[in-house]
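Chain lettering (A, B, C and D) follows the sequence in which the chains are written, and residue indices restart at 1 in each chain.
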Amino acid sequence: MNEQQICQVVEQVISQTKTKAMNLKLACALISKIENKAESMGIAVVIAVSDKAARPVAVHCMDGAYIASYDIAVNKAYTSAGLKMSTAKLAGLAQPGQELYGIQHTNQGRIVIFGGGEVLEDKGKIVGALGVSGGTLEQDTELAAYGKEIFEEVLRCL
Amino acid sequence: MNEQQICQVVEQVISQTKTKAMNLKLACALISKIENKAESMGIAVVIAVSDKAARPVAVHCMDGAYIASYDIAVNKAYTSAGLKMSTAKLAGLAQPGQELYGIQHTNQGRIVIFGGGEVLEDKGKIVGALGVSGGTLEQDTELAAYGKEIFEEVLRCL
Amino acid sequence: MNEQQICQVVEQVISQTKTKAMNLKLACALISKIENKAESMGIAVVIAVSDKAARPVAVHCMDGAYIASYDIAVNKAYTSAGLKMSTAKLAGLAQPGQELYGIQHTNQGRIVIFGGGEVLEDKGKIVGALGVSGGTLEQDTELAAYGKEIFEEVLRCL
Amino acid sequence: MNEQQICQVVEQVISQTKTKAMNLKLACALISKIENKAESMGIAVVIAVSDKAARPVAVHCMDGAYIASYDIAVNKAYTSAGLKMSTAKLAGLAQPGQELYGIQHTNQGRIVIFGGGEVLEDKGKIVGALGVSGGTLEQDTELAAYGKEIFEEVLRCL
């Protein structure tokens, strides 16, 4: 191998092993896909994407979405990034009598305990989170799951 | 004129006099222009656009922007929509000894009293507001003023 | 007995009956033991120790712990010191229909009603509290109970 | 060079160019140095270290430190990580009549506008922040500057 070939292999290895960090372009590309799906479902939602430190990167409010959905979507992303799980899973744990009952009060009102929040992963590592609010619980949960599912594909296309 | 012709003229007149409402597409188009300008200035900012009810419509955090700028940008948009003035103008009024001294304490920490927030107008009517945070005060103020200036043009191009 | 001998005996008696106050060295020694145990369990947790006035003395976030766990661990220590009981015990009392139902709303979001918080005692007297968050409820509860159990031993070794 | 040798060189190069992320061991090693210096100055302070996302990693309250210093130290670290500057520099900008006057109200009370907060850098890149509170302003500022100064050395020694 000559120097140039080594460089190429090294670059390849690095790019293959490195997890992508969340960024604005990626967040917007993902949001755009979810907006399209929400439109096809005939609903208007707020979509928030955060980085893995639970800091918001982009928030879009579709025309006519609930005013209250802004905080809910942002907080769903915070919750999923902050606890490394979907808010749908947390919902089960936070019911009266269940093990995390009361967790919605521990973080200054930022923990959401119903579906619509998901972590976003690249090769099994969390790189951010997603929050969707504005439809029924089923619709928010479906849209967030859809976003999680297509995330790596969106990431690879950028 | 027959009935159909009258209808057409009326529709035209109404569409010309009607103020456009803020919407997600418009907010994103404006944000995109400001992002380009911020990039050309070599800075990373957070840009928030609200509707005229001071409710956020879209927020974008450019890669590497200050973490603290998210709240500041959103609050600058809130302040401008909420008080129908730029935060640069409010800055003068809120200094010790000036008439609105203390206003930064009145709205649960959402009033920002330095530049970077502007109202967005269509034909002289407020349709929303803009908040920019992440550069120096001068840069934020310049970017917000730029956004205000190009807003109607952006609106007409959609 | 001469004066010097009397002094020595008195000092001994006082030191044996005196409750140790929480301090930074003690808090860190306890945290360190719990970190070791968490590591051996393969989990990353946040550990907070407060004094008997429910004021934090030390907080450590193990690498990779949940972001949301910081507030939760600090609040578990607050809750246990503030109510002189484990948060596991409080969990039972705070369920719907139980006598302290609603207590999670009384202290600005600082009351945690699931396991992982314990009081720390020296000779039966409360000298502080401990909060652990980041594992499952069972793991947090186990780690906090472990911390409570070894506390006096840690205290004697300093 | 054979494949194995190339791999070793590549790993070395990567580890040399990579910026260290903040972690608990590093935060505690830095805090320990600052505690020693505070002790030598005869004062008790609270020391907080955050990662670059402004999330706390470790907080230590020296025995006898002000109760109020816990929030102040944590918030100084938040402010420096959140705005990528020392709180001493921000102090100048936030005075009445200066450009960021009023910034202390924009982020839910987490912006501190007096000295004692510093960013922590590795090879010119921010990897976290430090907050010190409990002495006079001069002492807090000195201790934070000291922490910033020795940070890379502490990092290299781990």
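Everything that follows uses one rule, which is that a residue touches a chain if its C-beta (ideal position, glycine included) is under 8 Å from a C-beta of that chain, and two chains touch if they have at least 3 such contacts.
Bear in mind the structure is a predicted one, so any value in this text is a computation, not a measurement.
Visitor: Taking all residue numbers at the subunit B/subunit D interface, are over half used by both copies (same) or under half (different)?
Guide: Counting which numbers both chains contribute, under half are shared, so the two copies meet through different residues.
Visitor: Sort the other chains by how far their Cα centres are from that of subunit A and give me the top one.
Guide: C
Visitor: Measuring centre to centre with CA averages, how many angstrom lie between subunit B and subunit C?
Guide: Chain centroid spacing, subunit B to subunit C, equals 49 Å.
Visitor: Any idea how many Å lie between the Cα centroids of subunit B and subunit D?
Guide: 34
Visitor: If you average the CA atoms of subunit C and of subunit D, how many Å lie between those two points?
Guide: That gives a centre separation of 26 Å.
Visitor: Multi-chain contacts in subunit D: which residues touch at least two other chains?
Guide: Residues 53-55 of subunit D each touch two or more of the other chains.
Visitor: Mapping chain-to-chain touches, which pattern fits: line, ring, star, complete or other?
Guide: Basically it's none of the tidy shapes, so other.
Visitor: Output every touching chain pair, sorted by label.
Guide: The list of touching pairs comes to A-B, A-C, A-D, B-D, C-D.
Visitor: How about subunit B: which of its residues touch subunit A in the complex?
Guide: Result: residues 23-24, 28, 53, 55-63, 67, 70 of subunit B touch subunit A.
Visitor: List the residues on subunit D that touch subunit B in their complex, please.
Guide: Subunit D reaches subunit B through residues 53-54, 78-79, 81-84, 96-97, 99-103, 105-109, 111.
Visitor: Touching residues of subunit C toward subunit A in the complex: what are they?
Guide: Listed in rising order, the residues of subunit C that touch subunit A are 66-68, 71-72, 75, 91, 94-96, 104-105, 109, 111-115, 136-138.
Visitor: Using the touch definition up top, name the residues of subunit A that touch subunit D in the complex.
Guide: Against subunit D, subunit A makes touches at 1, 6, 9-10, 13-14, 51, 53-55.
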